[in-house]
Structures are given as structure tokens and as C-alpha cells.
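The next block holds one structure in the form of C-alpha cells; read it before the comments.
Order as written gives the chain letters A, B, C, D and E; numbering starts at 1 within each chain.
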Amino acid sequence: MNDTRPLWAVLVSLAAVGPILLSDKRPNLREAWSFIAAALKFGFVVSLLPAVLAGGTPECKLLDLAPGIALHLRADPAGMVFALLASTLWIVTTLYSIGYMRGGKSPHQTAYFASFAVCVSSAIGIAFAANPLTFLLFFELLTVATYPLVVHNRSEEAVRGGRKYLAYTFIAAQCLLVAVVWSTFLVPGATFQAGGFLAASGATPAQLRILLLLFMIGIGVKAAIMPLHGWLPAAMVAPTPVSALLHAVAVVKAGAFGCVRVLVFIFGPSLLREIGMDWLIASVAAATIVGGSLRALGEDNLKRRLAYSTVSQLSYIVLGAALGSPAAIAGAIFHIAAHGFMKITLFFCAGSIYTRTHYTEIAQLAGLGKRMPITMGAFTLAALGLAGTPLLAGFVSKWNLALGAIHSGNEVFVAILVLSAFLNFAYFFPIVYTAFFEGDKGETVRFDETHVAVWLPPALTAVAALALGMFPDFFWSFYTLAWTAAKAATGLG
Amino acid sequence: MRSLSWIAVLFTGVVLFYTAPSLPPIGDPESPASSHVSPYYIENSVSDMATPNLVTTVVTDYRGYDTLGETTVIMTAGLACLLILGFWTPMRRHPTETDRLSFGSPVLDAAARLLVPYILLFALYVLFHGHHSPGGGFQGGTLLAAGVILVRLVRGRDCGWGVDREQAVRLACSGAFLYYAVGLITMLMGHLFLDYSKLPLPLTAAMRRNMGILGVEIGVTVAVAGTMILIFDCLHATPHEDREAEVSAERAGAEGHT
Amino acid sequence: MMQPLDTMFLALLIVIAVAALEAGDLLAAVILFGAFSFFSATFYALVGALDVAFTEAALGAVIATVFFVSAIRRSSKAARKRAR
Amino acid sequence: MLLDAVPFQDTIGLAAQLIRRAMPAMVLIPLGAAMLSPILAARSPRAARFFGGGALLLNFFLSLLVSNLVWWQGPIHYHFGGWAPPIGIEYSVDAVGAMMAPLVAFFALLSFASASRLEKEWTPSHGGAFQALYLLLSAGLMGIVVTGDLFNLYVFLEISSLSTYALVAAGEDRAKVAAFRYLIIGSVAATFWVFGLGYLYALTGTLNMADMAERLPAVIGSRAAVAGLAFIVAGLAIKMALFPLHGWQPDAYTYAPPGAMPFISAIMAKVSAYALFRVLYDVFLKAGPAGEALELLGWVAALSILAGSVLALGQRDIRRMLAYSSVAQIGYVLLGFSIGNAFAVTGALLHMVNHAVMKSCCFAALGAFRAKTGRADVDGVAGLAKEMPWTAAAFTIAALGIIGIPPLCGFFSKYYLIRGAVQASAWPFVAVFGVSSVLGTVYFFRIIESLYLRSADQGAKREIAPLSVIAPALLLAGLVLALGVFSQDVVGNFVPIIVGAGGPS
Amino acid sequence: MSAFYEIANYWGVAILLLVGLHGMLARPNLMRKLMAMNIFQVAVILFYLSFAEKTGASTPVAPHGLLHPLAADFINPLPHALMLTAIVVGVGTTGVGLALLVSIYRRYETLEEPELLEKMRRENA
């Protein structure tokens, strides 16, 4: 049964690259192309939702990539979560980018929008990839397409950041390539399978451990797991929409999603426990959660603090996938979406503040809460959500993660989650406090928001985060999808 | 670089001296080289192509395609020299005073006049008698070239006696093409390339092969002669500016003496 | 057959080859090289390869040597003195 | 009218028969054209150019027909002069040959346009010698590919070598020194080949590949067989520019005229690698010393990959960098042969095609940059992406392909190679592939950075690069992508024939 | 003694080959490299002719009127034919090499490798 909609969802933004590049001289037309592609893509992805919710997996096989391995796209529940997230946020980010880029009169906008389209295509491809080789293909495409975004400014610092990014990702890419080749050698023609396909491979545990390490290095760099996170802060030189994209939509999220794929769909919870790697991965993730939060505390630059926050938050996903109980996996997958909405809000806000005031340091934000109430309101909402405040999206995922930790018998990680929640408050609260309660009391406060294209997107995503917190199935059915995937992976479904 | 080449030499030497004893002994009639393919050549070439010189039959017929390649190698070498050095001064049919700068002397001139016709005649003999005795296209062509080169040496470097450089290029190419054309004829007639026995001649198959061999030998002769003259001319010709300088230096020297 | 003669000739060839490469003057080296070619042609004839011998005598001993000489003439002024 | 009377099946059969009979014309057409073109050029250089181009075009079509026939009906044999091997010389095109032949013909045709255009700028008129040598080079390389006779291979090796020396020498002043060094080393290589062949002939009494393959097993244990193989491998290793024997290549690549470069860089080493493949796999059938040689060659290849990559890092001149990169990439091919299972050999053969396309795309793009600015170093191309977006994109695509980014073709050959290495549990080699790709990223992204991220040097000379130089680069970049996306069609068509029933399924 | 003579040619060939190879690689003078190349090739020719030899056989030219020669009576002609090719190729290569040398000399006025490299390096700087 070939359902070509997953393919179209991937292709539509790739197809937009040509027109975008050709409309170099006419910005309005160029942005129109972006919007049309984004809307179409969103349409394709959403149209797949009913089928997936009904338990189907629309898939299409195209030309063969290697003997017995096709370019195989398949919309399964876990992939749908990521695809929905990426396609939704692309629309919002496009709107925001227009406001931000034009507001800041940024150069090289055509290259920006084109690379952005390729990135989103790759993200959808990663989401829908049904076998490791297809996954690798889009993963590497994403690596390359992100590079022009990282070096967007063409400044010395940007070039250095770009080099660092390349060094990390390309070394990782080799590990990933070897891991993918090895896995296809062990189980020829395997597709991702809830609960893992390697269990039947007949490889020795020692081999599997090395294979897992290769996979985790290959993907962990993008997911910024702690010893491999170095490139992420360096990439902060990029403009804010790029950071938003890196952190919330495509790159880092693709890494986190890839970890879920590897841990849950290639190895599977039971095999992971069998070879004794679940605890190791979970520990590394826990260390990253705490370590990232601590680093975030020490940063005074707003964007860098957010970057370390991402390092910390993404390891929730890895942690959940490694723990391997249904609730943990569901929490991990739901956190992909939840973190996406919240973190993109935070970056949008940072960007808005920058376009209006050119402030980058936290101390400079004093009194800003009254000048830019919508922006800072959205920021507060998202920050609270990330810290795990009930009624916000972050709470849902953390609750499930904690439950999952208990179910899997690793109560110690509950403590980590609690500790992390405190640390989250500790690094977000000063920002909120500075913005709303510091500054000259005597100064006349006046409403001073930027262009609507800049303040509307964060407001929308913040509201979405709130909605997801109250109704986890709100519109996208993220929660159902996450649980469907988790149940299938653990054999409950 | 030095030590690297010593290592290479040492390495090659070890391989050579280590393996030479395991080669078939020299002169052994039962060695594979003497017993596998070559008996066919020895026993059949007289009946196949009415040519007693076994080397000639192998060169031009049994392995005639190699020799087409070889003729092409020669032509390639000529064209390569041409590309690298190029035509410098134009040649003259008749020597002028400056042409006599290096070699011109009455004794040499007379000796050359005596020798050259015989060399050329011998070249033709070697070519046409190649079927029956050692000799053939390569040797004949070389001798032809040697005759022409001798005149060049005696008469001066830019003398265009016999053939000039443009003609030498054309000779080299058309000689090779003559060989090629003999093969092409049989191919165009629907037979295999270089299958002389299918040449459109009113003769027996063996004699047709014999004639085919003669045809390609002529091609080889022309190609070799043309190429050797061409390479010599390229190496020997003087670049224009050098020549001007030399002539004026010579004049100055002559004036100084008187 | 005439194996001892073969061997002596080979030894002679090697000596001439070394001499040609070691000779102080380039022109002398070329003449020795011509001699080498000529002796190798003789050796070919000794082992029964008349065609090869003929070709080597004509091409190697005569034409190649002439090529060498003309090339040396064209690159002589300094090269001949420092040749080693 | 005549064809109407013949049933369709017979028409096909007739055509097949015709192609069988015309097979050696793949070599003979450029050969004859080379012989005629100096004569023609003396009257009209323009006509000679059209004549040469037409010959190469015809040749390309013929090579496609022959490949198709081989894929359809199996290997084609042709006996020159009506003498069946081992008495006479044989041409034989098997599946791998059917892959190589169109490749050679394609590149010969592709760079002919730019070569004959650049010829006018780079060399004074030499009576059509440049073009004739170019045609001879393509005939020689094609001859190496299709011949079934080991000595005939030497003759065509010499044709291609001699013409390469001259073509290289037609570049700058330094090119002559580079060409001379190449001539000396190349003669060592060719003579090693003949010498090794002498050993094998003394042992077997035949020069025909198939016949020798039959007769070798009886004498395979002899030390002389090992020596023969050693000399042949050493000779070809020089021609392929494997690591310790690569010394001639960077200079030759750097100073040669840009017109001939895409062809030489793409095909020369590949054809030698292919000859090695035939000796090791067709003649020795991987038996005895060949197996050991392959094991040893694996390590040499690994060394070559690493050393080539490391040396490429230190180069400012892009041509030199690409040359060292070729040293590394030919190591990939050899390593694939050495690992020796179906996947690895598939990868190696595929990489021959892919690398030819990618590297020659790099050189073609570089030729265009050079035509514009007159420089070919990393600083010289700074900011060119703005003025030459298409050419820069072509270069970038080819570079990414060499690094191995999917879905470009370089990724797929690397995939097969690593797959083969994993299957053979050759972990050090897997690591070598990885390290080389990372190093490749470093040296290629230096250029990409310079192209896109730096601003142009305002004072530099700026001329318009001719279309005949840019078009091949764009075409090749398209091929880099197409060969990647449709790699399975390429592999599926010829690889099962090559590796037999045990191939990847 | 006869065992020595059986392969004595091969020892000679080996020595000649090494002399040539060393000359090609290690000699500083480019002209001598070219001479060494010729010596190298002569060694290969000698090698081929050596294993072509056949005790009790004569030069591969059939006497006039002999219609059916016997294989045992004549030396193997194939290596001779091959070496004809090798000689011609060798001379061609020598010619091209000399042409290169002449043009190198015209440009750099030296044929000594160290001096040449020095001049090129100085030019580069």
C-alpha cells in the first residue's frame, strides 16, 4: 500500500527551495513561497493524522537506496509527533523570521529561507524515515543544510562557530554511518520497529554495546548530550530564528528524536536492559540534565542560558527513552512536542527583545516586563512550563517521566527530575524577576512591542503550550500518539 | 629522496635475486614459454602466410594489432615532441650560409653525398626483404630516417633536405594510418580487423596475408621514418631568438679575427 | 651453447652501463651509452634474436644516440661542465 | 525495404551482430581520428576540431551500445586478424569493462570541448598535436579497458602514458619538470609491468588473460609467480599513485593545462585500478599469491587513504589538494578490492565511477574559477560564489559528494565499502574510512568557506569564464546527484553480473 | 658449473636492472636519468630474450624452401616480437624525455635536479 503523502510532506519544502532562490530580488514573492510550502506541508502532515490515530501506518517505498533497502517513508505515531511539531512550528517561525529579518535588515535572507526549507524537509524526512538508511540520509542532509544557517552572519565568530559545528557533526556522522551500516548488516532490510529489531540479530552483547555507543555518539552530538554538546553554545552566534529552529524545530530536536528511534525502535527497552546499557544511558542523560542546568545558571547571556537549558531539557527525552517503561517513553515522546513549543517561545521572546532593544544580557532586561508585556508574558509562561509547573505542557511530560522512572524501578531518577525542576526555577526566575520587578519605578511605562509578526508568534506558541498542558491531546493528539507509540514499544498495545 | 630510491632498489634486488632461481632454466626446450603457444607460430607461419621470417609473421600478423599500437606509440612520441618543443625556425630546402655554421665542411659533405644514397637503398632492401631475413618496417624506417638525419647533421640544423618538418608530421601520421587502413579495409568488408587473408586481392589466402604484411610494413616504415625525423628536427632545431644571437655572435667573432 | 661467452658479454655490458652512468663528461657518457647499445645489440644477436639486434643497432645505437647528442648540444653550455 | 522483409527479432539479432563486429572501433575510432587530425589540421584547424569531437561523440554512442549488448547478452570477444587466442590478440568486454568503457568515452567527450578551447589559450599552435594527443590518450585508455591480452595492455598503456606526458607538459613552465618526473616514474611503472609479465609468460607461455588464468594454477606456488605479480602490482600502484609511490602526481595535476585535467584526473588512475582488478581477479582468480597480495594491498591502501588525506590538509593550492585527495580516494577503490567480498568490490567499482565524476567536476569547476581570476589557491577563489553561483554550487556538490553526504553518489560507494568492511569484520578499515571522511570535510570546507563566506579580493583580475568550461562542471554536478539518487539502478544493472550469484541481494 | 650458466643470464639481468633503476631514481642529472632508463629497458629485453632461448635451436628465420619447420629447431619468436615493441617504445619515450629536457633547460638553464628544484623554489618565493 503506497500512500505518497509522507513523501509529499517531505518534498514540498524541498521543491520550494528553487523558487525561493530564484525570487532573490523580490522578498515578498520569496516569503510567499515559504508560506505556501509551509501551509501545504502542514496540510499533508495533518491529513495523515486520522489514519495514524486509527492505528494505521501510511507508508511509501520509493527507489532502492541499497540492495534490499528502499527509500522508505512511514508515518508511525512517534514520527507523527515530530512531524506535526516541525510542520506547525515552521509556519510560526516563517512568520517570525519575516518580522525579525526585515526588522533587523539582515543580509543573505534568501540563503536563510532556502536553507530553512531544506532543514524542515530533512526534519520531516527524519520523522517519517522507516529504516536506518533513510534516517541517515535525511539526518546528514540536515547537517549540511544547517551549516549555512549557523554561519549566517559571515562574521569571524560565525565562521568559527560553523567550524566547530562541522567538526562535531561530521565526526558524529561517521560514527552514525558505521552504526547504520552495521545494523543493516546484522538485520538486512530491517525497518524501525516498536520494541526494536536488533533483538533477533544474534549479535553478541559486547558487539551490541559498541553498536549502541556508535549510534549514541552519532546522534547524541545533535541531541547535545553532555560531553558532546560543545557546538551548541558556539552556534548561538546565529540569528535568533535560527537558534529557535536549531533548538525547537529541527536540529537538536532531530537528535533527540533520533535517540528515541535508536533506543526504542532499533534496540528496544528489553534488549537495552539485557545488554545492561539502559542504566548507563539514563545516567549520562541524568548527568546532562543536572549539568546543563548548572551551566545555564552560570550564564548571563540570555541566549546562552537558553542554550544550556536546551541541553538539559533534551536529555529528559533521552532519559525517558532509556528508562524504557511505557510511561517513560510516552513522556519522552510527548516532551519532544512540549519542549518544542515552550523553547521556541523563549527564543522568539529573546529575539523580540533583541530587535527592540538590542539587549543580550539578563541584567539589561530590568523593567522590560512593562514595556513588552506580551513578549515577557509569553516568556514567563514558557519558562514556568519548562520548569514543570502544572497546567503547562512541561508538567505532563515530567509527570509521565517520573511515573516511568518509578515503574522501571529506578526511583533515583525521580529525584533527578525534582532537582532539575528546582534548577529550572533557579535559572528562569531571575529573568522573570528582573523583567517585571526590577528597574526604575519612576519611569513612565509605555507599551513598546515590536511588529506584530514578531510578537504574535511567541504569544501563539505560549498559548499552545498552555493548551497542551491542560488538554494534552489538544488539536495534534500528541498525548495519544505518544502513548500509542510507547505501548507498542513495550508490548502493552 | 636518495634514501627512498635506495630502498626501492634494495627491495627490487631482493625480489629479483630471490625469485630468479625458480624461473625455468635458460635454453630448456620444455619450458612453458617454448612449449605452449610458440610452437604454433614456428610450425604454421610458412604455410599460413608464406613468410619464412617467423618474427615478422608474429609481429605483423599473429600479433599485428600490437604492432599497430606500437606504430601509434611512435607517432605519439613524435607528436609529443612536437607539442613540447614546437616548430621554431622555418626550414629551408637549400642551405644558406648560416646553415653551415656547425658542421659544414667539404669532406663531410662529399662523404654524405656518397653514403646517403646507399643508406636509403639499403633501407628499402631491409624493408622489402623483411619477409625472408631479419629486417622489416622498423629497421627500414629507422635507416631511412638515419639517411635523412645524416644529411641534416652535415648540412646544418635547419636544412630541410628530403622532407621538412611539416612533411615529417604528415609522414608519421599517414604511415600509421596506412597500417590502420589495411586493417580497416578488412573490417569494412565485414571481416575481422587486420584479417589480411580477406583482402580483396586475386591471390591465395597465404599470399594475401603475405601482401597484407608487406602493406603494413610499408606503413610502419613511413611512420617510423617520419617520426624519427620529426623528433630529431624538434630536438635539433634552434629557437628563433637563440639563432639570431648565435649568428650575430659568429659575425662579431669573424670580424674580430680579420 | 655458448654460455660462457654469453656471461662474459653480460659482464661487459654491466661494466659499460656503469661506466656510462659514472662518466664525468656528459658527451662521453653518451658515447659510452651508444657503445652500450651496440654491445647489447651484439648480445641479442648472440642469443639468436637477429631482428631485435638489428632494431637495437639501428634505433638504440644510432638514432637514440644522435637524439642524445643533439639534446646535449642544446643544453650544453653549463650542463656539460657540471655533469655528474 | 530490406529491413521490412526481415522479422523484428532478426533485426535485433543483426544489430547485435553488427555491434559485436564493431566493438574494437571503441578504440579504433579515436585512434584513426588521431592519425588523421594532424593532417587535417594543417589545412583547417577548425575542421580538425569538429572531426575530433565527432569521433569522440561517435565513440561514446558506440560504447553505450556495446555496454548494453554486454548487459544483455554477456561478454563480447573479438579476435584480431582472425587468430583465436592465445595465438592472436583478443579484445574482451565483460560486465566491468562495459561499465568502464562508456565512462572513458564519456569523459573523453566531455572535456574535449573545453580542452580544445583552452588549447588555443595555453599552447601555441602545433599543427593539431594537442588534439591528436588528446585523442590518443582516450584511445589508449580505452584500449587498456577492453583488451584481453596482457602485452597489448602494455602497448596501450604506453600510448596513454606518452600522450599524458606531453599533455601535462603543455601547461605552465613548471609543468615540463613535472612531466619529466612523471615520465621517469611512469617508465619505471610500465617497465615493471613488462618485467612482471615476463615472469608470468616464462611460467605459462601465454599472454592472453583467460588462457593465463587457466594455466596459472599449475605454477602458482612458484616464487617466480609471486615476483611477477609483485612487479605488476608495483607498476600499477605507481600509475594509480598509491601512497608511497604517488610522488609524481601532485605536480602533474597542478601544472597541467586545465583543459586536459578533468579527463586525466578522472580516468587515468581509474583505468590503472581497473587493470589491477583484472590481474588480481580475472587472471589470478584471487588464488595463492593474489590473495596475499590483496591482504597486503589492503594495508597499503589504508595508508594511502590516511596519508593522502593528511597531505591534502596542508595544501594551499586547490589543484594540489585535489591531487592528494585523489591519492586517498584511489585508496578507497583498492581497499574495496582488498576486502574482496561482494559488497566491498561493488563499492570499489562504484567508487571508480563516482569518484571519476566527482573529481572531474571539481577540476572542471576549478578550471572555470581559474579562467575567471587566474588563480587556483584557496585565497584566490574567495567570494567567487557571488559572481559564479552555478559553478560554485557545482564545486560544492562535488566536494560534498567526495566527503560522502547522502544522497550524492560518493555516499553510496562509501556505504558499500563500509558494508563490505563490516561484513568482513575489518574494523581498522572501517575506522580508516571514517577518519578519511572527516579529514575530507576539513579540507573541502576550507574551500567552501572561502567561496561563500569570504569577500572577494577587489583588485584581482576578472574575466568571463567561457561556457564550454562551465557547462561540463554543471553537467557533472547533475551527474553527482543523479548517480547518487539512482545508484541502485547503476548497481542493479551491472553489479549482479560482476559478482555473480553471491552478490548483494 | 652448468647450473650456474642455466640462470646466469638472470643474474646479469638483475644487476643491469638494478643499475638502471638506481640511475633513474638517484642520479641528480636528468640526462643521466634518461640514459639509466634505457639501460633499465635493455635489462628487460635481455630478460625476455633469455627465457626465449632454446638449446639446439636456431634463429627464428626458416631457411628458404622449408615448408614445415619443426618447433624444436627454432627459437621462440614471440619474445623477440614483443621486444621489438619494447625497443621502439623505449626510443619513443627517450625522444619525449629529451624534448622535455631541452625545454626545461631553455627555461631554467640547468639539468641538475637539486639546482633545478632550488631555482623553482626561489621563483615560487
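By definition in this document, contacts are C-beta pairs under 8 Å (C-beta built on N, C-alpha and C of every residue); 3 or more make two chains touch, one makes a residue touch a chain.
Remember, it's a predicted structure, so these values are computed and weren't measured experimentally.
Once chain E is ignored, the contact network of the remaining chains holds as one piece.
The chains touching chain A as well as chain B are D. Of all chains, the one whose mean C-alpha position sits at the greatest distance from that of chain E is A.
When every chain is reduced to the mean of its CA atoms, the largest separation from chain C belongs to A. Set side by side, the interfaces D-E and B-C show unequal numbers of C-beta pairs in contact, with more at D-E. A comparison of C-alpha centroids places D closest to the centre of the full protein. Per-chain CA centroids place chain B at a distance of 17 Å from chain E.
In this assembly, the C-alpha centroid of chain A lies 69 Å from the C-alpha centroid of chain E.
Centroids built from CA atoms put chain D at 37 Å from chain C. With each centre defined as the average position of its C-alpha atoms, the distance from chain A to chain D rounds to 44 Å. Touching two or more other chains at once are residues 1, 49-52, 55, 59, 63, 67, 71, 74 of chain C. Residue positions 4, 16, 21, 23-24, 27, 31, 33-34, 37-38, 41, 53, 55, 59, 63, 66, 70, 73, 76-77, 80-81, 84, 134, 138, 231, 235 of chain B are each in touch with at least two other chains.
Of all residues in chain E, those touching 2 or more other chains are 5, 8-9, 17, 21, 25, 34, 50-53, 55, 57, 59-61, 78-82, 84-85, 88-89, 91-93, 95-96, 98-103, 106, listed in ascending order. The set of touching chain pairs reads A-D, B-C, B-D, B-E, C-E, D-E, using the touch definition from the header. Taken in their complex, chain B has these residues touching chain C: 27, 53, 55-56, 59, 126, 134-136, 138-139, 142-143, 145-146, 149, 153, 228, 231-232, 235-236.
On the chain D side of its complex with chain A, the touching residues are 400, 403-407, 411-412, 414-416, 418-419, 422-423, 430, 433-435, 437-438, 441-442, 445, 449, 452-453, 485-489, 491-492, 504-505.
Within the complex formed with chain D, the chain E residues making contact are 17, 21, 24-25, 30, 33-34, 37, 40-41, 44, 47-48, 51, 78-79, 82, 85-86, 89, 92-93, 96-97, 100-101, 103-104, 107-108, 116, 120. Looking at the complex, you find that chain C touches chain E at residues 1, 3-4, 6-7, 10-11, 13-14, 17-18, 20-21, 26, 29-30, 33, 36-37, 40, 43-44, 47-52, 55-56, 59-60, 63-64, 67-68, 71-72, 74-75, 77-79, 82-84.
By the touch rule above, chain D contacts chain E in their complex via residues 151, 155, 158, 162, 165-166, 169, 173-174, 176-177, 179-180, 183-184, 187-188, 190-191, 194-195, 198, 201-202, 207.
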